[in-house]
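Some structures are shown below for you to check.
One chain, chain A, appears in both complexes that follow, with chain B as partner in the first and chain C in the second.
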Partner chain A sequence: MRRLVALALASLLLAPGRASADESEEARLRARLKPELATPVIEVVRAAAAESLPTAPLVARALEGASRQAGDAAILEAVRRYAAGLAAARRALGPTARPAELDAGAGALMAGVPEDSLASLKRARPAGSLVIPLVVLSDFVARGVPVADASNAVLAATRAGAPDPALLRMRERTHERILRGEAPSGASREGLRELLMKTPGTPKERGSREPRAKGGP
Partner chain B sequence: MNNGDRWDDDVRGAYQLPIEGEEQARDRAIGRLRRESAKRRGLGAWWLDPDGLRMYPALAAACVLAVLVIGAWGGAAWMASRGVRAPRPTIATIPSGSTAVTFVFRAPGATRVSLVGDFNGWDPNATPLARATTGEIWTAQVPLEHGLHAYAFVIDGQDWEPDPAAPLAPVATFGRRNSLLVVGEDQAL
Partner chain C sequence: MAGAIGLNLALAGWASTACAEDFAAGPEWLRAPIARGPVAATFGVDERHAWWGVDGTVPLGLGLPRTRANVAGQRVLGLGMSITGSARSDVQDLRYTALIDRRSRIDGTWLGISTGQNAKLQLGTGLWRAFDRVEVEAGLVSGLVVASNREASQWKVVADSLHSHDTTTVSIVDRSALSTTAQSAVRWHFGRMEFAATGGLTVGARTAPQRWAQASMHYQASRRMRVLAAFGQRPAASFIFEPSARPQTMLGIQVAPWASHEGGASDGIAPVARQWRALSLADGRTRLVLRCRDASRVELAADFTDWAPIALTETEYGWWVASLTIAPGLHQVQVRLDGGAWQVPPGLPRTKREFAGDAGVLVVN
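For the complex of A and B:
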């Protein structure tokens, strides 16, 4: 009985805060977008909120489009695509995924990373945060690493138990190799090989010979 | 009376004899004590008197701490008055779940650089960067909430550039990719 009362009180206390946050986002959108654009964008934002998806990334995309002076159709399309990406990310990462993970996952999915790869990452690190692995995966794809190679490299590193700082070092090494003219695919493989050599308890050769052998999505 | 008893009487009698000059010696001792007491009350004698100050240990510790704090504050003020700035960390945790992040961007020839991102509504006028003394380096410090942030730099109000040192967003939604920053995980990128 006490729990029920506490829950009821908590919901009463939290509900106005959530509503005011939503109103604040809508006010920002109405202040920056033309009325004919603000209305459909707000509809998308409200629909996302109804599905308990994070709405801040959607508002950010709309405001970014306005600042970049993109067309109304492009802005609305970008917001809709991102909302779909957030929903797909939650399907792949599960209902307990945090907003930052959904945000990063949506970007990766929009870049062509399959949902299976995200689900595999979640299985590889079921309790820890996936924000850094997803950001590294997105960076690989953005720098020209084929989606399959990028997914395999990040998944293999995560399965090997590499901590976030090691993943970030792998990203930096891969970036440096690409800047020196190496092919993005080979650069990511070398980055993974270096990481596995420095990660205790992993086979030293696995990274360079066949990183896909056990790391495939 | 035997010989032993007589010897005892002689000794007892010797002790009872008045000492020659005893009165003068006592007067001299009292006078010396008075003179030393007068010296102690003189200027500066209090600082040398080991019994001159009694204090609770906690009060003494508080006094020492206050002296250190005032000294540090005074030193910082003196450095600031001479134009010397204490080094700033690139990333420093501040209360209420946010972190102060210093953005650094190299833009040779730029007359104006600003920072846009999720955290300032992508407003090019919201967060201008300050030009460092070297001329090509621009910096800004921004408190950011924990989470994933997309951002870019705007040069002279026109060119949007990603941060060359940061991870890139996977999709160029509006023509150019943004940079990504994670705050509150193991470390900021």
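For the complex of A and C:
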């Protein structure tokens, strides 16, 4: 009974907040987009909200397009594609995935990472946040690391139990190597090798081969 | 070390409609009141001695605010005027100069008047034109150059073996004469470097015609510092309107602590974002800090600004700051320097965007 009361109170407290947040997002969209574009974009946003997907990234996509003076069709297409990406990210990461994880996952999917890789990451770190691994994965792809190599590197590091700061260091090292002229693929492998060397309890030479052998992404 | 102290006090009022690119064109000495800022110190050595100098400029709007027309390719005209007083220890005198300058984006003319130092009155005029990175300049400076001789005369000679009377008198005879210098220069801008070849002919009423030439090089090491070098000779009358020039071969460094962003080699110093920080403040806001030297404007666009550009504030030289309320979560950020392309803040992970290149990923907890 006490739990029911608490839930009722929570819903009473949270419901107006959610409504006002939606209204605020819709107001921002209407203020920045032409009416003929705002309406379909808001429909996409409402549909995402109905599926409990985060709506802020969709609103940001639309406003970014308006800011950069993109065409109406391009803006609407980008919002729809990202909404589909969020839904796919939730399929891969599970229903308990947090909004930031879904956002990062959608970003990785948009960059060309397959859903399987996201699911493998979830299995590799079932309890912890996947925001940083997904951010590192997207960063690798954006810097020219082939998707398969990027997925292998991040997945191997995550399976090895590397904490977020270590993943971010691996990203920095890889970036530095790419800037020095190394091929992105080799740079990511070296970054992973360095990480595994410093991660306690990890076989030193196993790192770059393990994900492929274990049927990774 | 024979100290040579140069002190220029310039009162400059500019009513220029030139855009930033315009300031980068034309002779540096015409742009100096804007480009070099209120103070510039110069240290150097020439063939005769080591020298140093300080140039001061006090820019005055005189109720005529500087406006800019940032329309690429548009031919805009401006009008500039400066009144300069200078003192240098090697001539121990003051010099006052007034310049009026009419310029467009690619060419300009100037008219100047100067008095002091070794010239009673100098008039100068010239024109310049820019061809991409090469500038051609021609000018004429004419004036009464002060010169005096100490001349001895004996009005009486006493031929006496026992007494000797020196009746020699020395008088200073004014030998001031009209001197005219016709000169031309070719300048080549290459990134931070500017090479110039200047030559001319000086004709005086009491002197033989003198041909001269000097090559010079300026290297803009930073917005505030540049290296000056010159090889060859030129008469003082030829650089009466050009304070940083020297009459002989020299090497020097000029430091202008408050040089403007529209300074001499602004096109050669591309601003680079070097460091990015995001710090949580006690009031719940996030302080975003970008280190970027040589930029006059830094903007940030992010999902938490609804991708509307906001200007960062330069709190100290090279450090640009904005304190914003940012909700926890994943955010995308881009920065833009001097109106250039949007780019990822340094050090941030990168993510692909549909509309304007990659963005940096900021995770706020």
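Going forward, the second predicted complex is superposed on the first by the 210 of 217 C-alpha atoms of A that agree within 3 Å, B and C clash if a C-alpha of one lies under 4 Å from a C-alpha of the other, contacts with A are read in each partner's own complex, and residues count from 1 in each chain.
Keep in mind that, in the parts below, a residue touches a chain if its C-beta (ideal position, glycine included) is under 8 Å from a C-beta of that chain, and two chains touch if they have at least 3 such contacts.
Everything numeric here is computed off the predicted structure, so don't read it as measured data.
After superposition on chain A, the partners chain B and chain C collide with one another. In the superposition on chain A, contact of A:Arg180 is made with neither chain B nor chain C. When the two structures are aligned on the shared chain, A:Ala70 is found in touch with chain B and with chain C. Judged by the touch definition given at the top, the superposed model places A:Val131 against both chain B and chain C. When the two complexes are overlaid on their common chain A, residue A:Pro163 makes contact with chain B while staying clear of chain C.
Comparing the two interfaces of chain A, the one with chain B and the one with chain C have residues 28, 32, 56-57, 60-61, 63-68, 70, 74, 78, 99-100, 103-104, 107, 110-111, 131-132, 135-136, 138-139, 141-143, 168, 171 in common. Listed in rising order, the residues of chain C touching chain A in the complex are 301, 303, 306-309, 327, 329-330, 332, 347, 349-356, 358, 361, 363. Interface residues of chain A facing chain B in the complex, by the touch rule stated above, are 28, 32, 56-57, 60-61, 63-68, 70, 74, 78, 82, 99-100, 103-104, 107-108, 110-111, 113, 129, 131-132, 135-139, 141-143, 163-165, 168, 171. Per the touch definition, chain A reaches chain C in the complex via residues 28, 32, 56-57, 60-61, 63-68, 70, 74, 78, 99-100, 103-104, 107, 110-111, 131-132, 135-136, 138-139, 141-143, 168, 171-172.
Contact residues of chain B toward chain A in the complex are 116, 118, 121-124, 146-148, 150, 160, 167-171, 173-178, 180, 182, 185-187, 189.
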